[in-house]
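Each of the next two complexes has subunit A plus one more chain, namely subunit B in the first and subunit C in the second.
Let's look at the complex of A and B:
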């Protein structure tokens, strides 16, 4: 069995992909926590604790939930906003996958080709990727593990991500609500959010609206 | 691995496709691959390998196939044309060259079609630039490579050297021993290659003529069922969009940028292609019943090979058995991903590992030497090439020579 653990970095100048180190994706009903296969329910509580314990918990919604491709996408988007308010967590979009030249606005957006810039700039210590196409999510997750100490999580609608420190698979609106329920349950038990105060950034098609 | 995935009892996760159980325009019922292969009565048919390719594509729900003539795949490509005329495919046409064919396949795949094509020998090499492009673009195209000679002077005869050139293309590579393998690999190959966590092109390879032009008994499911179609909405990359990678990368990419971010992204991209190949193991193992087949691993001498060299190895084992020499067999089904752990485990007790191959390079022996401990145990050979057959006696001779036994060479037979 693999001894490799998918821990927060910084891991290496060019870290290996977790799959190449023997990490296998979970099956339906399972998640992985730092490479260890666990029941999905355990993952929700683990993720909720991580989010509440973080100073800068952040959700990175991708194109699959940022645009209203269908009703399901709109419902997911609404659930993600509710989750961000429950934690509370920043919402920083990965609106598309174009490399941002000449310069990204790292406070307001994240890009799969240089996601570390956003993590560093905002001092993000825990994050969730959701609604990002799998290929781009894997690129970003591995680059983040390589150069930052951020604990990464993925809520994937497909098979999950080994390059995240924690990954769910087959997620839908219900899964997002389950994570929110886990957050609220811990709060009721007295666990307090350690998030530093922040203001959500608003954007329109032309950029930031300050 | 953090999780064992070696149980052949665990079939691949069943399709949730919306069309499952409904019929297509040819009145074929969209059927899960598990049902097709494990719950359906198979009937024997006596077919050539080319006819087997036709039989597989008939029930594969292929959208587009692009053809270009090159021996020995031309017959299969022509037979797929018949399927198109009968209404089993949406698109079929002849490209301008193998290079054009593979580019046209990419276009169809970007647009969301299941795509199948065939090529061979110099055609494979002419098309070569496209294969890493397919992989980098995460296009699950299937190319059936009916391997033949690639060298000058020109040879159309069987030779597996072209596989050597494909090893690092980023494509999955499965090597069929028989026509039955070829049929199974084509259908199962689509399913594995199209998994969202894999989503890579696949080369289903067979030895030209030996498989394509000889008849064999092949078990086929009924042709009133077919695979569920490709679901482009599960792609790990967005549909074709000229503003997004990978397409944008081919147009005005950060390929052209000279900075750390650009280099890091490219390196990570390549790692992701190889990671996707690793992920294919989990889906391939249950469908192919493992990445290797083994027989009599307790023996000190093993033949480890792929393709039709395995068949010759089986006969060599029988001949050696008659002389009291006991030899075991390892058949490698997937060249990419390469079954590192399986081969290491299978060969751990062997004193001598013989790797017969139909090419001069001995690429399979190199792969094995690179992963097994004490690799002086690996004997790269025997080799034949350029269309030569590999009589089982040649393998017998190689093994006996190596063991210091007296041999009667067959090289002067017929003189």
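Let's look at the complex of A and C:
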């Protein structure tokens, strides 16, 4: 049997879970790239290249890094902001997991129950999930692989995600910094960001701030 | 209690949609005297819901959420049914349990929270339909009462299994014919409030949700008593308007009729002497606090 690869979709309305196709989670110090287990360092470079090569690279921070549960969460948030500026990449929050359809503003939010709306609307071709609880990330990653051609990555603080095209595990602030270093290194070597120009959406209690 | 728990990380705050800013700025988290009167003035802990328009369960949710004394440190345990459709919209921690298992899950949860956070008062509140509470989960419901588990059980009594199309439930009244129970019920509505009392609940209330102040009082009593003494039970009549053939606006009238003199849901409340004393002491304390606060108010010119 040929090795299944966790490639960007669209795979099918109901793609098989990658785990059921034989994909296993990486061990500590490793990542998986399209299902192939690789050293974590290789993953950082691979991810950095993907992000720089994308037209609409996007970071999806979840509740674990959006809300200030503790100082660690605040540090992760600061690192994510720095990473988004280094790439540069859009920041679109997955603020909670309520099924907000059809009220969701797909330009400004993503929701695990219909993440494809945000991917389609913004034409996102490469994304990273970070700070999203595992079960919601699994759900969203599978839906994205099913209905879009977006390359998904997971920066997971637990054991990683088979259903992402690339998954890190055990991430912390240092891991986000390492990814940022990899982006900066490639940029120094002459790799240019292919991102289409954009303006980060900014909001307060009243709505969007220009 | 502290609002700190719901602040946003500064570095990502500006990408958050307005409703989350509003939640941090004007929700009633951390406000000791929060209650139903905040509805409409403060950011509510539930705004949208996915129930039928006008469903009394949605009214109950709103009042319960406004009445929780300590939402930051409360965990709801839900069960499958119409109520479970609402939990994803609620700004309070919640766990969904397998149908009927809610009181078993809540027992473990309450004990675990006690060990994990010995210095923090964590309230556990079960919220389930009558099918889950009285039929399929009756064993778990009653065992938790026998064991004197310190949490509140709230049952949304709509007198049938609404979410699956209208099957007969223990709380259905005798003779009622539902869409999926065409033969009509042959035995009486189970008297769970009385059973709760006999099974060791320290506080039991049976009421409709037509009057927010009553619901608030019942919920607060139930939560406070459960914290200190043991299990409490609140049964709320929340008729399924879809099943009894009412329009969206008619749920409230149905509840008002049901609680008027001679009605099936005239409010009933029971508490043990110990619980009564506790509530009286608490009320006296609150009154004294309010009086003191009034006295401190600067006199305006």
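FYI, the second predicted complex is superposed on the first by the 200 of 210 C-alpha atoms of A that agree within 3 Å, B and C clash if a C-alpha of one lies under 4 Å from a C-alpha of the other, contacts with A are read in each partner's own complex, and residues count from 1 in each chain.
Simple rule for what comes next: contacts are C-beta pairs under 8 Å (C-beta built on N, C-alpha and C of every residue); 3 or more make two chains touch, one makes a residue touch a chain.
Predicted, not measured: the structure shown is a model, and the values here were computed from it.
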Three-chain arrangement built on subunit A, subunit B and subunit C clash or fit: clash
Partner chain in contact with A:191 - subunit B first, subunit C second, else both or neither: neither
Contacts of A:97 with subunit B and subunit C, given as first, second, both or neither: both
Touching partner for A:114 - first (subunit B), second (subunit C), both, neither: first
Between subunit B and subunit C, more extensive residue contact with subunit A: B
Contacts of A:173 with subunit B and subunit C, given as first, second, both or neither: neither
Which superposed partner A:105 touches (first subunit B, second subunit C, both, neither): second
Which of subunit B and subunit C A:204 touches, first, second, both or neither: second
Contacts of A:74 with subunit B and subunit C, given as first, second, both or neither: second
Superposition clash, subunit B versus subunit C, among 239-247, 311-319, 347-355 or 401-409: 239-247
Set of subunit A residues, in rising order, touched by both subunit B and subunit C: 97-99
Residues of subunit B touching subunit A in the complex: 1-5, 13, 138, 195-197, 199, 234-238, 243-245, 248, 254, 257, 261-262, 264-265, 267-269, 271-272, 274-276, 278-279, 282
Complex contact set, residues of subunit A against subunit B: 1-2, 4, 14, 16-20, 22-28, 32, 35-37, 63, 96-99, 101, 113-114, 133-136, 138-139, 142-143, 146, 158-160, 162-163
Subunit A - residues contacting subunit C, complex: 61, 65-69, 73-74, 76-78, 80-81, 91-93, 95, 97-99, 103, 105, 108-109, 200-207, 209
Subunit A-touching residues of subunit C, taken from the complex the two chains share: 4-12, 14-18, 20-22, 25, 48, 50, 88-89
